[in-house]
Structure formats: structure tokens, C-alpha cells
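Several structures are given next for inspection.
In the two complexes that follow, chain A is the common piece, with chain B as its partner first and chain C second.
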Partner chain A sequence: MTPETFLLEEQQAAAAQEKPQEPKRTENFVFGIPQNGLQQKQREVPVDEPPPLPANSELTYIGKPTQRYDGPAKALGKAKYTADVQLPGMLYARMVDAKIPHGRIVAIDTTEAEKLPGIRAVHVIEHVYGIAELRDPKQEPPSRYPTIRYVGQPIAGVAAVSQQIADDAAKLVKVQYDAIPFVVDRSAARADDAPMVFPGPADAAGSAGGGGGPTDVPQKGNVHGPKRRLIGNMDKGFADADVVVESEYFTQVQTHSALETHGFVVDWKPDEVTIYASTQGTASVRDEFADVFKLPKSKVRVITEYMGGGFGAKFGAGNEGVVAANLSRKANAPVKLMLDRRQEHIVSNRPDSHQKLKMGAKSDGTLTAIQLTSYGTAGVGTGAGTAGPATNLYKCPNLLTEEYDVFINAGPGAAFRAPGHPQGCFAFEQAIDELAVKLKMDPLALREKIDESPARKAERQLILERTNWRNRKPDGSDTGPIKRGMGIAQSVWYRFIDMDSSCEVRVSRDGSVELMSAVQDLGGGTKTILAQVVAEEFGIPPAMVVIRIGDTRFPIGPNSGGSVTAGSITPAVRNAAYQVKQKLFTAVAPSLGTTADNLVVQNGRVVFRNDPSKTYSLKQVAAKLPTNEISARATRVPEYSKARLTYGGVDYVELAVDTETGRVHVEKVFGAHDCGRPINPTGVISQINGGMLQGISYALFEQRIMDRNAGYMLNANLENYKILGAREVPEIEVVLVENYIAQSSTDAAGIGESAGIITLAAAIGNAFYNATGVRMRRIPMTPAGVLTALGKVQEEVQA
Partner chain B sequence: MSTQLVQIRCASLRSKSSYGAFGEFHDELLDLAGATTTYWCLKTMGKAGPDDHYVHSSVCQEGRSCWESCEF
Partner chain C sequence: MADTPKIEISRRGFLKGAGITAATGVIESANAFARDAKGALHGAQTIGPDAQPIKLHINGHELAVSVEPRYTLAETLRDNLGLTGTKVVCDRGSCSACTVWIDKVPALACMTLAVDAVGREITTIEGLSHGDTMHSVQVAFVKHDAMQCGFCTPGMVMSCAALLERNPNPKLDDVKHAVSGNLCRCGTYPKVFAATLDVAQQRAQASGLVNLDTGTEA
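What follows is the complex of A and B.
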């Protein structure tokens, strides 16, 4: 059962009302933003919740810059990623993928591959029909194999005793195709006569357009949409406006390019399948393997001890996981299948966009209307929407957003760090600056007028205090060939909580403390913050807490997507630590000649409340345990209030534009960001640094280039797919704004999404305008694109 | 009063947000994810369903030939 699958009938609301309320108590929580003055907020909380935490300034480990828990293991090469896993008798696999962009497979001949010495198994992906009827048997007749819709689509897998033999065998698999016309250009795909990526009429009820699904999201040709949202009255909104801006923006396809490619090691045994996965969700992998292979979840074990990045694209089993499992089952041996770098560029991407924005405002800056139409392509998939920033950054009484997906014969889009928001922000936050220009307002002052977020208000103040903004020159006034400018942009992301967030904390008689959860650490520092939370409760240094995560034999953890991890799992961890501490005090109090409620942790010692001269170390106290160990398990409790919260940041850029070469050099970035209570400022800032670099890379360099005639990605490697390098890294300064929200026992929140990736392209665009007086409407801002925008070379024909 | 679940979408429809228990955030998550959600089919592990049409919450509904109910 999945969240998308069901709607609840109306009875549930009534049933919820009838549900007996669990006992609660009232507590006062620290609330608000230190810069704006901290307040108290009263909340009803479950009776067994830990007491509220004070502000970070009053804590010992939480909120203090802390070295990465697994830093030494990574630096010393002891950290074992999925790609590093070696099992006895393990085989190495390679995926065989499609070499044409669209067509039917007539035949697959694996004979030569199977003859290669060292080959142990071959698995060919076949078309699963079940009860399905093909939508258009004339164009795509029944076949034993799935229709090919993009170059790189998985076809088969081979497993051998070495990677080299597997690679050689993959080349020997002969695939005979019957090619079908294709399209890899978004604009061309919108034409009435474009080759259809998914041909055939609709068969669902309420079909609309020229061959699509139900009327809520229609389809015509290769265009799926719009996903439409209307608030208020657009005619009235524009009639009320004193000024109106209209503009178009274009963003490119960006591939995820995680350092560790997608991959699995699958060890299929009759009694249990063990899967080492490069995944953002051990639970998602376990669930999907269980579903696909009809196995009880209890017989599927997933391990992700270290993970080399995913950015949103690594959930579930994936084709590569299913192929690896089939190969392992056939060969009766463990199989490692990691995608190669070319395949990694094709397996997932951030969709491109063509956005048309129209906005109206009163002369004082008050927004009266926002209208966004966007077209984007997620290749053979959907998900190219961009309306997040336009919808959620600023309140506007009249809003119309229409988002379209355009199918092309290219690799599929996938969730990618703040899906849709970098694209949307690039257009929307530049359009806000366009509005400021038209209103003759300072861009920061305009945002001060229209932005209701208290956190971003504090962040804008930091921009004023800590950057050169007050000395900003008039737009386009810099002289000479090298022009400098500065710009800002703001981001928004949303607080989601995954209740599948559990853990166990164990204290042994020798005083050692362990935490166990299936939650995975993508590299963002989850292990460190979990250690800090446990450490705070016991008064011991975080390094003394043993963190065991990334194994589904432990209590279930949240899947790490949408910045849910810290906000979901840390309250469960604190609750478990608090509960086991209470159990410990209860168990040892008689031996200490006191009662449990007379024991408290202070300054790293267990202290008698009624006689502070009596203090013990945790080790001394644990030694009194009547049993060898004691433990507690906790699961995330619901948020303390129904408030719906967002996070965000304000990022500031200084840059130089060489108007003769077209090169853009980002010289300085300053960011002020909020994410609830920061547990480890070092880790949060590190994530923001990474997001900013990824944002600069998106703005200036990264771009998937498709061959329109042959239909494949021309630069599916890290030589020709340019990613920001050390020479392009600017000076970066990040300031965190603590934002106490009184929503959980830790108040933590994630930072993965609103970490600079959303804003940087827009901030760079605004700084570019300040430097040159020319608006960059297209990324990446390559030298050719810059010179085109500056009118120094003729415009290229682009999508 | 018992809660009644009504299946509207195919049991094989998956997205990133398929995994997890979002409780009171469920509707908001789907709304905010909106047009940025990428889907896949558990039957094919790809972007096309067994009927060769694309996978999306708006089309993976009852009435499509490959639609499947959940087994409780």
C-alpha cells in the first residue's frame, strides 16, 4: 500500500474524532528566532515525552560544532560503500542497455556472451504483460521484450567472475532492433506531427486531448498537462496592478552525477536475500524487493553502511537491483552490479524547463498576480513541474500555475535535490528582481515588503549586516570589460515528517551506549547528529556513542528524501535515549540508596538532585545494573501542533563577468539559512556549502547535450559533462539562523533541499544583471550563452 | 466507526513518496510534490506500464487494462 494508492473515505475524519485521546501534559518550549527575540510556546505533548530542550546555547552537545562521526573511517579508507563490498564467491555484473532511442527489440542473442569463459549468468528483461492490453498494437505490436524508448534503457544483465569479463560479455549480447521515429528535443516534441513517445489512445475513463488519461491531467501528443492551480481571479489581479512584468526563462537538464553510481550487491539465499544497496531508503529497497519477488519482508535484509550520494534518485530496487537479484538467483552466488559512469548519467536527471512568468504588483511592491506556465521534459517520465517557488515563497491573492510535462526519447527524470525548485527559483526570483527594477525598489527591500517569513526576515538582515549589499552599484553601471555585480535570491522548502522513524538505544553494564536504526546516512552527517542527541541525554561525548545504522535488521528508519531525515528520526532517538536513561535510573537507584527521580545528568555526571556532592560517572551507574543490558525503543510521535512550516534561506552572490570572453566567475557567496534547531552546525554548513557548489555548477556548467540526429547523450562522462571544479569555487560564508518551532522533542529539521541549490542560479542571474544590465534568461551561463545575451555573437537556435 | 480505504490508483504505482508514513502530511506532500513527482511501475521497473503507456498517478487508475487492486 502506498500513499498515492488510496483515498480515505469520509468516515475516517469521524473515526479520528471518536478515537480516545492519549494522555498529555503541558510544557513550555523555547520558540522563535534568537535575532528576533526568543519566546515561549506552550504545547500539549504526550505524557512520556522528554522535557523540552532549552536553546542550543544552553546545551552541551546539541547545537555545538561537532566533527563528523565517521570522518576518520572515510579519511582512512575504512568506510565500506556498496561499491566496496566484497563477498566470498561474488560475481561482477554489467547491464546491457539500448543503443537506439526508440524501437522494438526483434531478437536478443546471448549465445556468444554465454560462451565467454568466466560467465556465470545472463538475465534478459522481458515484457511483463499480465492482464495488460497494449495501447496501440499497430504501432507497437506485442513483443517478448519491452519497447525501447531511450538510449541507455536497460535490456539485460550479465554476471561473471570479474568485472572485465562481465564488461566484455555485455558487448557480446546481440540485440536486433526495429527502429521507430524518435524525438529528443523538447520543443520539437510539442509539435503536432512529432513522433509519439507513448503512442496510442487513452483507455482510462474520462480521457481528454489526443490520446491521454483522465481530465484532471490531460494529454495531447507528447504533452502531458497542465497540472493547474488557480487561486483568486487573474483578471482582477492584473487589473489591480500598477506594474506588470512578463518574461521567459529556460533551464537545462542536469544529471545527478553522484560519486557512487547506482548499484547493488545481491546475495540471494533460500532463507534470506541480503542486499547491499547504494540507496536513500533501506526500507524502500526492502519493500520493493519483497513486492517484486513475492518475498516476506522478514526475508529481505538491506544494508547501507555508507552511501556515496543520491540527491533524490536512489529509491527502491531499480532495474539494476532486480537484474542483480535475478543474476544472483541464477548463478547461486552474490552479484555486484554497479552502473558505469555513462549509465549513471542516463539513469536519472533534473528535468529542463521553459517558463513564462507574468506578475503584477502595486506601486509599493504588494503582489497582485502571479501567472506561471512551464513546459519541461523528464525524458520518458514525468515530474518537470516548476511552480513551487511561485506558489509558496510569497503570498499573492491571485495565482495561476500551469505545468506541463513533455515526453521525449531520453533518460528519465528523477527527484533531484528540491525537485522543481532550482528551475522555478531561477525564473521566479529573477522576475521578482525585474519587478524591483520596474518599481525602482531595492530588490532586498521589495522582498522585505512581500515576504512574511520571520526566518528570512532575519536572514535578509544578515545580508545587510554581513555583505557588501549596501554598496551595490546601479544595475549595469560598472565600467571596463570585467563587470562586477551582486545579487540575491530566496528559497523555500517544506517540513515533512516520516512516522516510519524508529530506533533502539541500549546501555550495557560496562557503561557503553549504542544506537540502532535502519536509517541510512547519505553522507550528510546523520550518524553525527544521532550521536549528539544520545550524547546530550547521557552527558557523554558523541564519539563515545556507538551508532549502528543502515541495516533493516534494526528498527525501521525514514527514507531520506525531501529533507525529512533529521526532523523525523532525531525525536525518536532522543525519546529512546531519554526512556532508557529513566529505565537505568529506576534500575540502579536502590543500589545508590536513592530514588530514580532524585537522579539527573549534569555536566556529564549523574548527580543527586538533593545532594549535588554525590556524583557518579555513567560507567559507575551502569555497573549497578541488575541485568547485563537495558534498552528502549521509540518511534516518532506526531508533531506537537498542526502548524505547517517551511524553511528557507537567502543567498547573496558577488561575481565578475568578462564581457569579452563571456566567462562568469562567482567570487563570493554568503548564505543565511534556517532549518529548525541545528543539531550539528558544522554538518549543516557543510551541506549548505555543497548545495551552493551544486547550485553554481548548475548555473554555469552542467548540461546534458543530446544528439538530435542519433538520439543519445553526447556527454555522458565526466570529461565532457562539466561539473564545477576546485578552481571555480568561490569564497563561501554561511550563517545559520536558529528557528525554534516547538514541534518535536528535538525541533530538528533537514537542510538537504534549501541548501543553496535552489537559489544560486537565480542569485547569479540577478548579480549578472546588476553587473551588466542584461538579464540572463537561460542556463547554463556558458561563455557562448553570455556573449549571446550580451549581443556579441549571434543567437544560436536552442530548445 | 471503521475507516474505509478506497483504492483509486494501481497497486504497482510507485514514487519516492511511496515509502514512509507521512500521516497528517500525506495530502500536503502529494500537493506540494505535485507536478514534480516522478513515478515508476513495479511490474516493469520503468516509466511505461505493462500496456506500454506511461506511468503517472493520473493514468494509473482503475479502468486502465493493467490496473491491479491491492491484496489485503
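What follows is the complex of A and C.
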């Protein structure tokens, strides 16, 4: 999702709210940030909404550090991921993919592969999903086979009785190509005479998690765009400025590199297709399978019990899912198809960028103009825009952003943790520091001047109180070969809500409580927060709530992209739990000799309001149920107000630059972050640690390297595609800022995007400048790149 | 243009032909194969390519399984024996997700041929606990939330538990060293460190021993 789709959704939600409404009642909600003093906010809410929750400090389970619901299963190795699924008679499959970067397939010969003993099915694909498509397909001569536009493009799949035989068979599929000139370099692809990746304009759709790019923009050669946005008047903005900075920044392609690769187990049966998917969206996978195979959704079941990381790249059926389904149908047996590690590096990525920024400010720091032009490549996809931070962090009367996608013959970009924002922030938050240098202002003080966010204000205060910021030395003043510095950067993300967030809560006569929803847990800890919300209503420990999620047989859940999950599903869960509790009280009150409204949960017991000496356990109360089971189903209600909300964080970095070796050592990171009402601080902090470490990894190590002559990814593995490891982990401290927003029955919000991945490269860049007096305009900051920036070695020619 | 197969060293060919370089435990196990092969494979000089019956000592049990000589231990554990706690992520020795113990030493199951593990004592994540009673490192991982998606977790746990076996009193640097090969994309490292140091401290307290500085682990 992007800020633009956010606006769109907001309009839809507003339209929905303007329809004749069910009756409302007025409630007072806790509002604001504890550090700034909590307030009350009056809201109209639907009459059957649960009563407002007080602040976390007054709650029993919500807001308290809580053990991960499925922690033991994961620690014991019992958690079954898609890669671990084994079904009776299951076959193993392997994808066959393109070995050339651009060309037409002349012929595919599968006879050798089919002859291999143990082979059960071969499927050659007819359509490639997840990449841009020509606006006018007739611009390409018709062919049985899709045009090859990148090395690694899926061509076929083979299924066999063992993985080893499938691997052997995949190598025996013979593909004959007619090669076409190609380009894998972003800057080369912009040239007028560059080989054309698509013979005409092409567009890519986004996924449930975002990605994709604009479809209504011009295209010239490989350059798709711009997507242009103008507010105010740029000439006036720059005329009003006392200082102007102009700068240029470059970021690289980062691959998602989830440890569990993309993959599916498909069991195609005539009456129902069961799909085990390593996905962030059981709902979006079901929708895509139903769409591709023209099946009713009722006959497609998607299961995701555990999944080994997605980071934005796993939403749909994918080519591997479609192939697995075809193989299963042909072989009449369940088929497991997991991508191998090389394929995983090619299937998705965060696009690169080349950004030009020009910004103007008054001498007191007030921004007068922001102008951003960005070029980025999402390979054969689109969605390389980076304007989020420049548009949404600070208010500026004059803003112009122009975002271009550049097609190259490489694997498609996809949504990746805060799409566009780490790139955008790397440029924009360093440019803000450049302004501070020109204005001779402290970078934190400049942000204090231009940032209107109350949450980030509290967060900056924490930086001042809890870090070394006040002892920051003048830029570049450290002497000696190892130079230390500190820097900050700020992030912004948006409150997205997925209204397709439903669940059922069930109470049985023996007192057991279950929650069911199709929502999935990617490792962010969704199961745990759902258990806490239910536990709070019933006054029982979260571990006693049984959480069953990740199965489309349960009520639909949100697709986990854009940090929507916690904010979307927890209100539905609380409402269902509240409703079933009311039903329970109504059902048992007569046999307890009272009325339902005299029953309340207090300190883990069901208590008579008018006689606190009368207390019962939930078990005792449930035992009086006239039926065996009682349940309630709830769906997300619209936000209580139409306010457009963002989240953010401020991250602080201390680092050392070894000016002789060019190595950058991040020594300390301190982050202050907000995400509405935190439900499980433990899980939130885990996610922020992860975002920060991914951010450091992005800033210092990761980089897809393409062979310009042969057109393939040179480092599609985990030894040459360097990801941060244990040795590069700095000291990390995270503080959560509670931010009550009075928007839903839980006020929860996700943290996945604003968790540090957005800011770290920029904060490292700013700290690098403080240490050395030299601005890092390019990531990753490898030793070679650092020595080049420091003027110690000759500049290399780079993309 | 005809399909030109990419020139690549077949890893399996490499494993069989050139010996193994990545993990010490694995080299030893290759020697073990030479030592035990006769007994295990009835004196055959060469084996394969067809499946052979072998017996593996896993988590205290002797398990019979039929494997082709090219099957890795990781594949055999996961696909043939249903022990899917051991994960395969890179399948070439660069992530440690597949860490098991061979004769109590951490080894990469994706870089070990199943036939080379004959006669050795293999411990997997499933064998670290006693049923549902978790090993103290597993308990600490849960307590400190040293996991997110959990895909790296079994390998991390095996590496950290092995560290504590050989160095009951590790420093932060020792823990970093012990898991320096274990990749975690979710970024759980700080909590992995905390969990492991916590176990060491608790054990030291429980045994009443003074917390001696044993220095950095070799």
C-alpha cells in the first residue's frame, strides 16, 4: 500500500460512513501521549461497541510484556511451516527458469525430463504473473510461450517422488531461445538507444501488500513515468528560501531474503483445492487461486500455520503456486514446490533509486520548497517511487515530486517493508541534515522546528534524555584514523485499515475459549496479541485462550502488508470477545440469580457489581450454559473518526568509521517509536530490533549485483549476498511511546514498517557525516564505497 | 541460441569428490564414514547411485532409512524421517539454519551426507528437549522472545546450546562468535544473546559456582 492508496481507502471509508448509520452513542476515550499528558476524546461510536479501554497502565493483559503464544512450538522445532508440510503421496517439485535475460522461447523439450524414473508431472507455464504487462499485447508477435525478460523468469515446473529427482528433471528440460539484446543497468537503460525491455508501454499491478506502480503515466523507452505531484508553486518556494540545498543520492537493490523461500503445497482435489502457503495473506492467496483457476472461493482453502518471513513479498498465488497447482492436478497428488535460494533472490526485491533533491528553507528552518526527482528500477516491474518521506514527514507549502520507474531485464520488485520509504528517507533525511548544516542548526533542533507530529516530539525528547546527543561534536572534528559520530533520522508510516478483518470467539461449557480467524502470523506475534485481547475480556491468562488462525475456513482476516494487521483485526477480536461475554452473561444470569448487567469481569473473576463478595471463575460461569457452546462473530467496524493518521519513530545511531579500512561499525542504536496502543511490548520491540538490523544491513552490506555482460544476478546466494550477522549487531535500546488515538475498540496499530528499516540508512549517513564531515550519498557503505567517498581511492564507475 | 547450461560445480559432486571444507564436524564425519563404511555398507567399495539401507543414531534412537548416497543429512532428516525441526535455508553451508550436533559438535546437516553420518551420534532440535520439556536454552529463547518467524530458531538454539556445553560461562562475544554463522532475517540476535547469557548465569547460580572469567572462547 502507498500513501495514495491510503487516501483512496480513506475516501471509501468516508463514503461508507456517510451511508445511513446504525444508532450511535457517545463515549470518552483516553487520548494522546502519556509523556505529553493524557487527555480525553469524545467520539460517537456504534451502540454495540464495547466500552472504551482505559490506558495500558490500568489493564491486566493488554500492554503487558507477554510470552509469544507459539514460542515453545518454535523453540522445540515443532512449528510446521509450509516447507515442512508432508502429505501422504506428496510429490516434490522444482521450477525451471530462464537462463537468458531477454529472448523468445523457440521450443521447450521436456521428453528427457519426463523419461526420468520417478517423474510424475511436467507443466510448462503460459503466463507469467507478478511482472509488468504490455498495455497493448499486440506489440509482441504471438507465441505459445511468454517472452523471457529476465534470468530466472519461471518457465516450467516438474514434480517427482523426491526432491532430488525433481532437481535432476529440472536440469533435463531443454529450452531453445531466440535471444534479444538486454539491459540490466538502470542508468544504461535510460538511454534513448538502450535495448527495450518491453516493446511498448507496460504496467504492473500491485499486490495486496503494495508494490506495483502508477498505470496512467507516459512511457518513453524503458522509462515509465513520471508520477508527478505538485502542491503550491515551486518558483515561489525557492524565491522564499534563505538557503537552498541540492543533492543526489543512490540506493541499491535489496532482496527480501526471507529464510523460508516462497512456496506452496497444493493438494488439488475435485471438490476442494487445499493450499499450504508461505504467505502474508491467506485471503489474497485464495483470491488469486480462485481467479487464475476460475474456481469458486468456497472451493479454495488456504492454510498458513507458520511462515518463515515475507517482508512484503508474499501475497499472491505466484508463478510457483500456479505451477504447483497445475502439477498437482496433472499428477493427481499433493505437490510441494518451494523456490530454491537462487530463485528466492530473483523472485522479489526492493527497487533501487537515483534521487535528486532540491530543498529551500528560511533562516529559522521553516521549509519553503521540496523538489524530488527519482529514478528507480523494479526490474520488469514498477513501484520504485520514493516520495513518501519527502511528501509526508514535514509540512511544506511547495512540493514537487516526480517518480520514474526504469525497466531493466531483472527480476520484479515487490512491496518490501515500508515500500519506497527506506530509499526516500536515506535521501530526504540526509538532505534535512544538509539543510541543518547550511543553517548552522542542530539537526534535532531543526526537526523540532519543522515537525508537527506530537509523537515524534515526544520521541525526540527521549533521544535528548537517553542518548549522548547533547555531547555531539562538531561535524568532522574527530581526529585520528577511527572517527566517531552520531546521527538521527525520522520515519513516517500510515494508518491503513483492512475492513476484511473478521473472527469468531467461542466459549464452551467447560470454560474453554477459542478464537478463529483466517489472519496469519508472519512472526510479528499476531497470535499473541489476539490472545491478549481475548484474555483481557474474560480475565483469563492469554496462554489459556486457544488461537486458531491462518486458515481460510475461518472468518476472513486482513492481508498482512503495510502494518495493517494489529490495527485491523484486534478491534474485531475484542468486539467478538465482548459480545460472546455478554451472551454468556445473559445465558447464565438467571441460574446465578441475577441479571446480565450485574455481571462483570474483575481481577480474573466474574463478579456481581452489587455484591463483590459473589465471585466465580469463568469455568464456573460457563458450566451454567444451557447449550454446549456459545459464540460470536465480529467484523472490523469503521474507524471512529476520519482523521488521517501516521505513525513514526526517531532513531539515533552512534558509529565509528575506520578511515583506513573503510569499514563502518554501528556501535549503538537508540530508537523511540509509536504504534498506537502497544498490545504486546515484547513483540513490538522484537519487530523494531528486526527493522533496525535490516536497516543496518541495507545501509552497509546488502546489494544485488548484476553481470552486465551476461545479464544474471552474480550473488544469488547467502554467501555473496551479505546480510547482517551476529557480529555486526550493535547495542540496541528501544523505547515505545504509547499514542492513544481513539479510533477503534483497541487503538492498536502495526509496527512492521516504521520499525527502523525506514530510518537506519539515513541515520547512519548522518552519523557518518558527523564523524567524518563527508556525506555518504550511496549505499551500501562498503569499504570500497567509503574509501571512495573519503577520497582515498579513485571513483569506480557505478550504476 | 540454444540453451547453454550455466557452468556450475555441482555441489553434490563437490561433496563427494573433493571432501568437505565448511564445518569441522563435517570433516570428522567424513572420516567417520571411511571408518564405519565397511560395517554399514557390507564392505562395498563403491556405493550408489541407488538407495542403500543405512542406520542412523538420532536423538538416542537407531533409525533405519534408505538413502541414495547423494542425500544430505538435512534432506534425510526432513524428507525421509519427518524430523522437520531442522531447517534448510541455503542448502550450501552459508546460513547454519540446518545446524544439528554430530557427536555433540555442531555441524551443518546440509553439508553432511547421510551416509557419512552412519555410526555417529546425531542430535536434532527434536532431541534437545525431553518430549515437551524444553531444554534450558529453549526455555530462555521463549522467555526472551528470541524468535520472530522462528525459521532460524532451531539452528540458533542448537548453536547456543552447544556453546554452553563447551563453555558454561560465555561472554557476549562468545555468544556472537557461536552464532556468527546463523543468519536471522527477522533480526532476533539481541534477544538470542540475552537468552543464552541468561541460561549461563542461571546455571552458574544454580551450581553455586563463582562466575569465573573464562576469557574469550577459542
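As a convention for this text, the second predicted complex is superposed on the first by the 749 of 799 C-alpha atoms of A that agree within 3 Å, B and C clash if a C-alpha of one lies under 4 Å from a C-alpha of the other, contacts with A are read in each partner's own complex, and residues count from 1 in each chain.
Keep in mind that, in the parts below, a residue touches a chain if its C-beta (ideal position, glycine included) is under 8 Å from a C-beta of that chain, and two chains touch if they have at least 3 such contacts.
Since the structure is predicted, the reported quantities are computational estimates derived from the model, not experimental observations.
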{"item": "Contacts of A:P72 with chain B and chain C, given as first, second, both or neither", "value": "second"}
{"item": "Partner chain(s) touched by A:L134 [first = chain B, second = chain C, both, neither]", "value": "first"}
{"item": "Touched partner set for A:D97, first chain B, second chain C, both or neither", "value": "neither"}
{"item": "Partner chain(s) touched by A:Q86 [first = chain B, second = chain C, both, neither]", "value": "second"}
{"item": "Per-residue contact with chain A, leading partner among chain C and chain B", "value": "B"}
{"item": "Contacts of A:E537 with chain B and chain C, given as first, second, both or neither", "value": "neither"}
{"item": "First, second, both or neither for A:S686, with chain B first and chain C second", "value": "second"}
{"item": "Which superposed partner A:I723 touches (first chain B, second chain C, both, neither)", "value": "second"}
{"item": "Shared contact residues on chain A - chain B and chain C", "value": "none"}
{"item": "Chain A to chain C touching residues, read off their complex", "value": "67-68, 70-81, 83-84, 86, 92, 99-100, 103, 162-164, 171, 174-179, 257-260, 306-309, 311, 340-341, 522-525, 682-683, 685-687, 689-694, 717-719, 723-727, 729, 732"}
{"item": "Of chain C, residues touching chain A in the complex", "value": "1-6, 68, 70-71, 75, 78-79, 82, 84-92, 94-95, 97, 124-126, 129, 132, 134, 138-139, 141-143, 145, 147-154, 157, 175-177, 179-193"}
{"item": "List of chain B residues in touch with chain A within their complex", "value": "1-11, 13-26, 28-30, 32-40, 42-59, 61, 63-66, 68, 70"}
{"item": "For the chain A and chain B complex, residues of the former touching the latter", "value": "1-9, 11-12, 14-15, 18, 127-136, 140, 146-147, 149, 153-154, 197-198, 200, 202-205, 212-214, 216-217, 219, 224-225, 227, 229, 281, 283-284, 287-288, 291-292, 312, 315-319, 322, 378-388, 392, 403, 405, 407, 412-415, 419-420, 494, 496-500, 558-559, 561-562, 564, 638-639, 642, 644"}
